[in-house]
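Shared between the two complexes below is chain A, which pairs with chain B and chain C, respectively.
Here is the complex of A and B:
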């Protein structure tokens, strides 16, 4: 198990504080994403716990693109990953943020 | 003149007569008891003979394979095996025992690892690894079998064979053998007074034996909708919108896999919403995929010609004769040689999954230490250079590839490769150099095993988007387009962002949003069936899935 922490630049997330949401499942090739309000505004904090070690660079690239594409500052994401491919990670992150923002 | 007069012109016929004479003591009648088959094979085979031991993609002459394994290697050895699929452990054991020495084949599936080991140990010589049509073609040119050992469901007293739904390769094998003075032995599951239909005429068959157990058939084409994931749904949406609907694909072939199963399962939902019913996807060269049932029931599909059959689909197929090719007895008639020809010449599109692709678009399913072979995908996944009949999709693809309105008009087949950027265990699917090179070097092969050559590929589809290679004008542009859909693989990360944006502006690389697809809609809710039980329901209870696919 490897733990990775990223602090990402992003546009401010719309709306105020909302209730935390969890999307996905911790099953082989899948992942679980928890979205909640961050302690510090202005950035997006992502903590990744993954069973697949040695992929920090890919996580960083996936998350950097995600933060550039979406407005995430002020949010905190916790990811429990069981070896999902970047394709699944991308879809799940989008779904989790959508759900948190109420399908905005 | 004198030499020509002295030359014997009927050596094969005389050899056949001699073998028949030797066999008379063991098998005086056309029907032979199973326990006498090894002795029959010893009587009719000679060292070095070229033998077709029927091994299809699905149906296997497994009893005859076991019988051949029982011959005395001192009498029968160094056979040259020709068969399309080397699938059974017995096939490999023939080489370990020295009964066979050389093989020409198409696909080795489950024996891929052992086959590579035997090559390294010097116990097997591989003539060549073919595509199906290519191997059948050689049966009629320079690889004609001396003896063919084939499988059918039933035979009558005259040796007429009924193959049932899995006719597959049998007619092609028997025709090549019987009309060149070869000998044909058939294993059947039962002897009947009257066969339901004649799939192979009895006077092409020399001996028939009732096997102690029915011949093996594998359900290779069943994909459980429960295992189709959201990424596959997203890719299927892109294919339907960006390729099928845009080109108006009406005649097509799908490879096996969850990626193409997802497309089949999206036709009644997403395809319907795109207005495709009655206008696209009407004619297929395809095995009876259970995942096609919803599209058939929803009125998309007009005809399906099949390479083989699929276990559990018998009653469904028999109840839909307008769609499937069936015999007078009502059951499916498949024929791999004709269906491969149909897929090559009469389909406008082939779509299939692959494991690895390089920057020229060459793709391969070969990985080091395994010799898997090709099967039929390359016949369908190749532009048919001999094609002359036009269709809208074919002409449009040709225009895109030529790019010059003054050039002689010529169409192009659409050959689409589906791959997620990473496979299981984070293996990148896009690479600078295919494993096929290393495999070829390791095993001394003259030709790296490439499934689909890059110059035949028209589109590459990943979760990141579609790359249209037809529109690329230089090898560099083609590499940029492939990098543009290669995601976070090393090949994808090495992209020039400005080059990819330029290709996007020109419609060569298209993202889901460029196609008007909202990735949030890529959920399993879009699948017309989400389980095998749903497929049974769509079929009105006619589909009878094998036990391993039943979870209820």
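Here is the complex of A and C:
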């Protein structure tokens, strides 16, 4: 297992604090993403626990792209990953944030 | 796209995640998760092994409403570790059932999708499953119905297959599977001749919803559709099964008749033919047409006359130094095919003795004999204490036992033990040899209290087998098992987990007298496991989900 932590700059997430949301399942090639409100202004904190070691750069690229596309500041994301591909990771992150924001 | 529009478009239970399945079952917007993922109560044992964890440990427990009535509900995630039960997962279920005894909702709905004990936390998983089993029966005995819905992709196997049949009622889809020793386990243990796990038709006619409905193991066969499961849950909650001795004697007769009528069938197809149904036509029918075509077979199995004779035979009087030491004033215990039945003379009166010996594996005949004996003691000797002697290498693993619904027979045995406890019989278990899985869950671990003799060997699986399952080097497992009570087979681990109260030393008669004199109380195993440092989370997790102290 490898634990990675990222602090991403992003536009402020719309709306106020909401209840935490989890999407996805920790199964081979899949992951779960927990979205919660956080205090950090102007940033989004992402914690990743992954079974696939040595992929920090790919995670960083996927997450930077995600933070640039979406308004995530003020959110905290926690990921349990069981070896998902970057494409699956991207889809789950989008799904998680959309569900958190209430189908925006 | 919200969760609700997603579910409205796709209502398959089988294809949904546990969380969405639960949301689709309850009234829209009514679901309030208890100890949700943001609490991050994950498995410490998986983390130790370097395996991924899930924020909810593979089970969602919640409050909500069903057709406006308050219910509690749980939903297992089969995609995470096969929905298998570890310390946290099990404690959440126990806490939910305890909460039900406090808040008295209209019922508890369990969406079961589990392979049974989580082998990566083997010992803790086995104990947790036994605690769930006791909690289901205690909740039912408190007058709150508990029903199970089996519609996930994994099915319901191992100890959870027994738990399922401790419920008031079950609904399953045709695609769902229910049993004790699953197809992969059977093939791995007994060879491909016993059961070819890659033969899907064979697997489904053995474990699938249709066969389980014909057997009477499942009450309602429903389409793989959230609305159908929802209606089934409402119907089942409205017709709880009594845990009275009379009701259990009716069930005993029905199960004995099933084994008598269909006991010669090595395959489910033979059983269907024996019951008058056409095994060639049934598998392809839709649920509705199937119910019409197979109703006669189901009725025949449910209404056949039970056999007059004991299938195990009376057996022979057992000469046994342990029994001599337990009952210096004498005993009359008979053994038939490894099953013990009889009584000993204790200082305060007769003590019923039952259980297994010589590592006997419990198959359908043994299960029936033991449940019949518990019911006989309750009927003929009100209040007589019961000593369950445990020495079993687990459930018998054959295709025939699975075809006949061994998980259901063991669930019935557990229900009979609960009924005995409720009727004022003190039940004490003594592990004197092996104590494994289905050989200890429905009788030994259902007792008020569990003790052991020096040299007893409770276990789930050997370290080499665990090395194969976890894909960890055996040297690493040996090292871990020196400090963790969760992995290593044997008595020490189960003592530290709180599953076994203490080891009896001579004089055994005095130890038995003291155990029988103790007052029954709520299941203390998780608290004891915390006090002994073997299970640091179970008691706290259960208490947090329950929202307060236990109510008996």
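Throughout what follows, the second predicted complex is superposed on the first by the 104 of 104 C-alpha atoms of A that agree within 3 Å, B and C clash if a C-alpha of one lies under 4 Å from a C-alpha of the other, contacts with A are read in each partner's own complex, and residues count from 1 in each chain.
Criterion: a contact is a pair of C-beta atoms (placed from the backbone, for glycine too) under 8 Å apart; a residue touches a chain by one contact, two chains touch by 3 or more.
Everything quoted here is computed from the prediction, not taken from an experiment.
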Next on the checklist: Between chain B and chain C, whom does A:90 touch in the aligned arrangement: first, second, both, or neither?
Outcome noted: first
Next on the checklist: On the A-aligned overlay, A:81 touches which partner chain: chain B = first, chain C = second, or both, or neither?
Outcome noted: second
Item to check | Which superposed partner A:1 touches (first chain B, second chain C, both, neither) | outcome: second
Checklist entry - Looking at the overlay, what does A:40 touch: chain B (first), chain C (second), both, or neither? => result neither
Item to check | Contacts of A:55 with chain B and chain C, given as first, second, both or neither | outcome: first
Checklist entry - What's your read, chain B or chain C touching more residues of chain A? => result C
Checklist entry - Looking at the overlay, does A:98 come into contact with chain B only (first), chain C only (second), both, or neither? => result both
Next on the checklist: For A:26, using the defined touch cut-off, is the partner it touches chain B, chain C, both, or neither? Pick first, second, both or neither.
Outcome noted: second
Checklist outcome for this item: Footprint intersection on chain A (chain B / chain C) at 98
Item to check | chain A residues touching chain B - in the complex, by the definition given at the top | outcome: 29, 52, 55, 58, 61-62, 83, 85-88, 90-91, 94-95, 98
Checklist entry - What does chain A use to touch chain C in their complex? => result 1, 20, 22, 24-27, 30, 32, 34, 36, 49-51, 78, 80-82, 98-99, 102-103
Next on the checklist: Could you list, by residue number, the parts of chain C that touch chain A in their complex?
Outcome noted: 1-3, 5, 17-19, 36-38, 40, 47, 50-56, 77, 79-80
Item to check | Parts of chain B lying in touch with chain A, wherever the complex brings them together | outcome: 229-231, 234, 420-426, 462-464, 487-488, 493, 519-520, 522
